[in-house]
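These are the structures in question, set out in turn.
Each of the next two complexes has chain A plus one more chain, namely chain B in the first and chain C in the second.
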Partner chain A sequence: MSVQNDAILPKGVSRKEFDKAIKKFRALLGEENVLVKADQLVPYNKIMMPVENAAHAPSAALTATTVEQIQGVVKICNAHRIPIWTISTGRNFGYGSAAPVARGQVILDLKKMNKIISIDPVMCTALVEPGVTYGQLYDHIEEHDLPLMLSFSAPSAIAGPVGNTMDRGVGYTPYGEHLMMQCGMEVVLANGDVYRTGMGGVEGSNTWQIFKWGYGPTLDGMFTQANYGITTKMGFWLMPKPPVFKPFEVIFENEADIVEIVDLLRPLRMSGTIPNSVVIANILWEASSGNVRRSAYTSEPGRTPDLVLEKIQGDTGMGAWNLYAALYGTQEQVDVNWKIVSDVFEKHGKGRIVTQEEAGDTQPFKYRAELMSGVPNLQEFGLYNWRGGGGSMWFAPVSEARGSECQKQAALAKGILHKHGLDYVAEFIVAPRDMHHVIDVLFDRTNDEESKRADACFNELLDEFEKEGYAVYRVNTRFQERVAQSYGPIKRDVEHAIKRALDPNNILAPGRSGIDLDTYKKT
Partner chain B sequence: MNVNRRFVLKGMALSGIAGLAMGGSLRALAGTAATANDASTGGHPVVALANEGAVELAFLHGAMKASGSRLRVQRVSRDLAFMLDFERQVRSRQATRIIGLLDDASATLVVAMARSAGARVQWLGQHTAEAGFTRHHLLTTELAEGCSRQLSRHLHACGAGFSLNEERHNGSMAPRQLTGPACSGNQSAQWAASIGHLLASLGARPALATPLAPATSKPVTGRFASFSIAA
Partner chain C sequence: MLVANVLAFALLTASAQAQDGGRWGSGKNLYDNVCGQCHAPEVGVGTAIAGRGLPEDYVKFIVRNGFNAMPAFPASFIDDESIAQVTEYLSTLPAPKALP
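Up next, the complex of A and B:
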């Protein structure tokens, strides 16, 4: 896996051709928006995957501020066959950070396109540019005292809705399935055309952020986790801020309880009694996001022994599984639903319910409650201190919201991770029917042997889960081609047919989700 | 209290902690070091980000020897207000270099905020210190030419076993891999003092002998990340 670290160029592009393109980029964007020096590019190359940085090193980074500039960028890229990797905020840490999928790709960084174009507090909609962060939106909502609530993933304030939604990320509120709440996109296509989805193509329409489907084929989803265009505007729905918000936790002592937890929870989610994306975090996820470090308990290499996990549970009062959910609405609604929910868990008898009044400001309850109520924080970065060493890969298979399935996946993942001397640090994010089983594969990048183990472990997780009919919904840039294979040849053929039609020169993020006209061979 | 004020106060607080922990020697050291080394660091202010702990103090010790009175120390918090304020500070600063040795979570956030603020990064390091052995993974630029060799010499000299892997972004050379055997039971934080000294000296004339890290009674172990950022 070693990559010779000489001058970085896009694959198949000569130095002469590259320099011509750079000259044109400078004329279009200005000198200060064309970054080619090593110290300008290093911050884009901080990766957490078990591979040399060189494998994902960009040859340049561009910053654009207008749609017209992006049209100009794709024109230059077409002329010189320059592949570009677009990022909005680039805060996709465990999925590949800001670095491109392939060495030499030019990063198009849209952080300067950061206008909140509109927020309508009556219709509860927003329209934003790709560089807008959740933090900006939160400040805007607070400053204008708008009765609205955001939904975001754990990096919250420093990430943004466009990047998160385009990668089909999720949050923790009732609006937590972000693509479902997206409404209207503006996309610059590889030929420079500006395409608006839904009602956006209708002259004078005021329903672009209101009605998702428009007329004829609805293509919004096609642009997510894909490389068919560059999203320059995105609309989405905002949740009206409820008068009452009641977060709670249910702590379960035993790992085997996961079956009953999920089977109790599913009807409550399906009926909407619990309306938000519930989290069930295991002891190691809970402990590390609560600032517990492995080094406080053991210095032994390899996976953390069960006895240590039990000791952490005993010391902290955390459970083997820790369920976080919330109720939203008027006092009357919350009271009724709280009775239903608390009756279910009390009758079951294995979980210990913790309310906000009981938890106070303790972590991780505090940050979980904040995430479920649209208040940003960075608490979950504590995961990176559990083991330390800078290695992190999110393994995120989809599971049925069925207890036996969750147990099966958890056991399978744990067995593979332990075989490779790594920890099972996991949470389930619970929708009514599906669960995102998110596992943070943490390892030490200073240790070559451990990095190799982590890489082998991730491959084995993909292989063994696939044998059981499971696949991940999202993956870091090192494994995107591998995961595309899990979804079968016909899907890939269709995806490449679309790519040929929309981007025949293969300039937009080749390799994204395994879509690359230069390397793909029809089966 | 606004966030800016809190940012500075936290820095002052850490200076206090450092001084206390090292018997007040750190401030005095900074004063004397200034005379010898001001010219060698090019005259630009250097801000060191650090937290409490023996390794961090050793890092600051080394940095102060190189930067003298131009070194300002700021304590890092992982909370959102700090990180957003840090980003604003980087965006608005002129000709300041920010170095640091932090826990992984804090360093991940600091580097991410530096990128969005448009800063340049000359050095990113991952470091693991175990009993009698350290491992280092570096991503550097030309400005850090010679640093890995110098670091390996320091590590050899202090007797700790080590492995060092350096990647140079856009450089013409292959990744450099250096190793050294342990030849004493030394478990000091000397490596951190060496990195502090090297980072504070980046871009200046080659650093001379690295100051010895303060003696510690306990083994100094853990995992850390280092950086040099030009605002």
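Up next, the complex of A and C:
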């Protein structure tokens, strides 16, 4: 196994040129931080998409520990036209994991840059390096008894704030829109300059993690889901830990209830009565994250019949839709808001309210409550056990927070998934005005025929949603070029003009979000 | 770097994960923070791995390659020494009552 990987090179780079670059990388980073052997690279090539690993195989991986090293890396890349794919913790499962968007790109792995540079418990801010995980932050906060609460995505224990925020991920607390809570970035540009956003360029400033906008153009968002720079530090705001936290669930029996659920919720979210990113999970999301396996109910291939879903509902007490939300604040605040919220659902009459006292330690209530209160876990990976086989792609169209729209999207997605013999496993993440309609396209990646169906299904989902004016907010590396097309040619022209200005040699993650100077043709 | 100036008033921690004797410090720490998050019997997401006498080579192979939905971890995330430590730690834990 421990042999040099000779088969894979970056696109357009000769072996001779590649070897020159590797020699320079070794001089810069040390032998042990330049990985070229097959057994060193295999962990970076584990993907969940319905395509051969070879399509996303790296030619090498570099591990850097300082900003200066990263400056040196981009200098070498420019000299030899080496494309690099940067990862922080590489845990972007279902979106491409750690693997590069294109075969042959060199991975720049920043996991070893894992310093929590500062946490200010008074101003409730943090500044971290890319390799810091939420689990590490949680341990730090607990160890130092800091009155702070984290917000993170479901793979919280092993993922980190830099990677999640740079991919515009969301969490489940009142601070769940992570880019909104980001404050200050340090970015190494392709020319080696170190650029600090917001107040970060002001000598002696103490407001880099305090005030987002700085002066003049505010560029933080431009670096997310993009390939314009390498983020080496990121600041973000932390929620003060509330004295009282009250999670709850409302269980709805019927699929058609989604319209009323959303229309009931929207005013509560807009008014801030419910402050956090509410989740409405369908029966299959709820069941699988609660460790229910498909194999316990059927061995038939294809989509799971509705009768089975009803049986699971009957057996488990789970709903067709399961709403999770929480209240935060002093006892008085929570009491007032609880009365407002519970009155709304009791008056509506279709939902069954479950409190933490009633749920106890049962799953999935327990892990949902943990996610809403900043306690990391990996319970939601139970999703992958529903069908088994390790195939997963997130299809995540944006929807209005309007009941009729959610129902329309759910019906459209379900029909397409069923046509391809796959299940509708979905949740809505509810902001005041928008919904992230997150669907896990689960398939058995060890089954070639099923993988092909999943691939065709994902293409059809993108096509049919686009016809209705819908598009996803984020997508796995296999479909990034396709989704870029949904957002129109002018946007793409602008993105490539920025790319030409900042990275004329196209060394930073070419292909990320469809931005690639070598392949893009202006319309 | 400017960080020290920028954050002179803040609680400067410069905290990083343990580097000595394996990146994770101990097998228990790695199990509690990563492996056990799925594989602990009370979680039930991944197959129980405690107390089963799993050989270090096998643990390393699965950690590096992943298996089905189990993700793969490069050495930057879980180094070889930490794999050895967690293998040793797993051997000290009681076997699950019934293997899945």
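We take it that the second predicted complex is superposed on the first by the 517 of 523 C-alpha atoms of A that agree within 3 Å, B and C clash if a C-alpha of one lies under 4 Å from a C-alpha of the other, contacts with A are read in each partner's own complex, and residues count from 1 in each chain.
Keep this in mind: a contact is a pair of C-beta atoms (placed from the backbone, for glycine too) under 8 Å apart; a residue touches a chain by one contact, two chains touch by 3 or more.
Computed from a predicted structure; not experimentally measured.
Participant: Determine, for the superposed arrangement built on chain A, whether chain B and chain C clash or fit.
Facilitator: With chain A as the common anchor, chain B and chain C collide in the superposed model.
Participant: So, does A:Val398 touch the first partner chain B, the second partner chain C, both, or neither?
Facilitator: neither
Participant: For A:Gly135 in the superposed arrangement: first (chain B), second (chain C), both or neither?
Facilitator: both
Participant: Examine A:Ala79 and indicate which partner it touches, taking first as chain B and second as chain C; both and neither are also allowed.
Facilitator: Neither partner.
Participant: Looking at the overlay, does A:Asp448 come into contact with chain B only (first), chain C only (second), both, or neither?
Facilitator: First partner only, chain B.
Participant: Could you look at A:Ser295 and tell me whether it touches chain B, chain C, both or neither (first, second, both, neither)?
Facilitator: After superposing on A, A:Ser295 lies in contact with chain B but is clear of chain C.
Participant: A:Glu52 in the overlay: touching chain B, chain C, both, or neither? Say first, second, both or neither.
Facilitator: Only chain B is touched by A:Glu52; chain C is not.
Participant: In the overlay, answer first, second, both or neither for which of chain B and chain C A:Ala7 touches.
Facilitator: In the superposition, A:Ala7 contacts chain B only.
Participant: Can you tell me whether chain B or chain C touches more residues on chain A?
Facilitator: Of the two chains, more chain A residues are contacted by C.
Participant: Regarding the shared-chain residue A:Lys115, is it in contact with chain B (first), chain C (second), both, or neither?
Facilitator: Second partner only.
Participant: So in the superposed three-chain picture, is A:Lys37 touching just chain B, just chain C, both, or none of them (first/second/both/neither)?
Facilitator: In the superposed model, A:Lys37 contacts chain B only, not chain C.
Participant: From the options 19-27, 55-63 or 73-81, pick the one stretch of chain B whose C-alpha atoms clash with chain C.
Facilitator: It is 73-81; the other listed stretches have no clashes.
Participant: Enumerate the residues of chain A that count as touching chain B in its complex and touching chain C in the other.
Facilitator: Residues 39-40, 42-46, 89-91, 93, 98, 111, 135, 157-158, 376-379, 381-382, 384-385, 388-390, 445-446, which sit in both footprints.
Participant: So in the complex, which bits of chain B are touching chain A?
Facilitator: Residues in contact with chain A: 78-80, 83-84, 103-106, 108-109, 111-116, 119-122, 124, 126-128, 130-131, 135-137, 139-143, 163, 165, 167-175, 221-225, 230.
Participant: Would you pull the chain C residues touching chain A in the complex into a rising list?
Facilitator: Touching chain A from chain C are residues 1-3, 5-17, 33-34, 37-38, 43-46, 63-77.
Participant: Which bits of chain A are touching chain C when the two form their complex?
Facilitator: 35, 39-40, 42-46, 48, 61, 63, 67, 89-91, 93, 97-98, 109, 111-112, 114-121, 123, 125, 127, 131, 135-136, 139-140, 144, 157-158, 196, 200, 203-206, 208-209, 233, 291, 376-379, 381-382, 384-385, 388-390, 392, 445-446
Participant: Quick one: in the complex, what on chain A touches chain B?
Facilitator: Spelled out, the residues of chain A in touch with chain B are 2, 4-8, 37-46, 52-54, 57, 89-91, 93, 98, 111, 135, 156-158, 295, 299, 376-379, 381-385, 387-390, 444-448.
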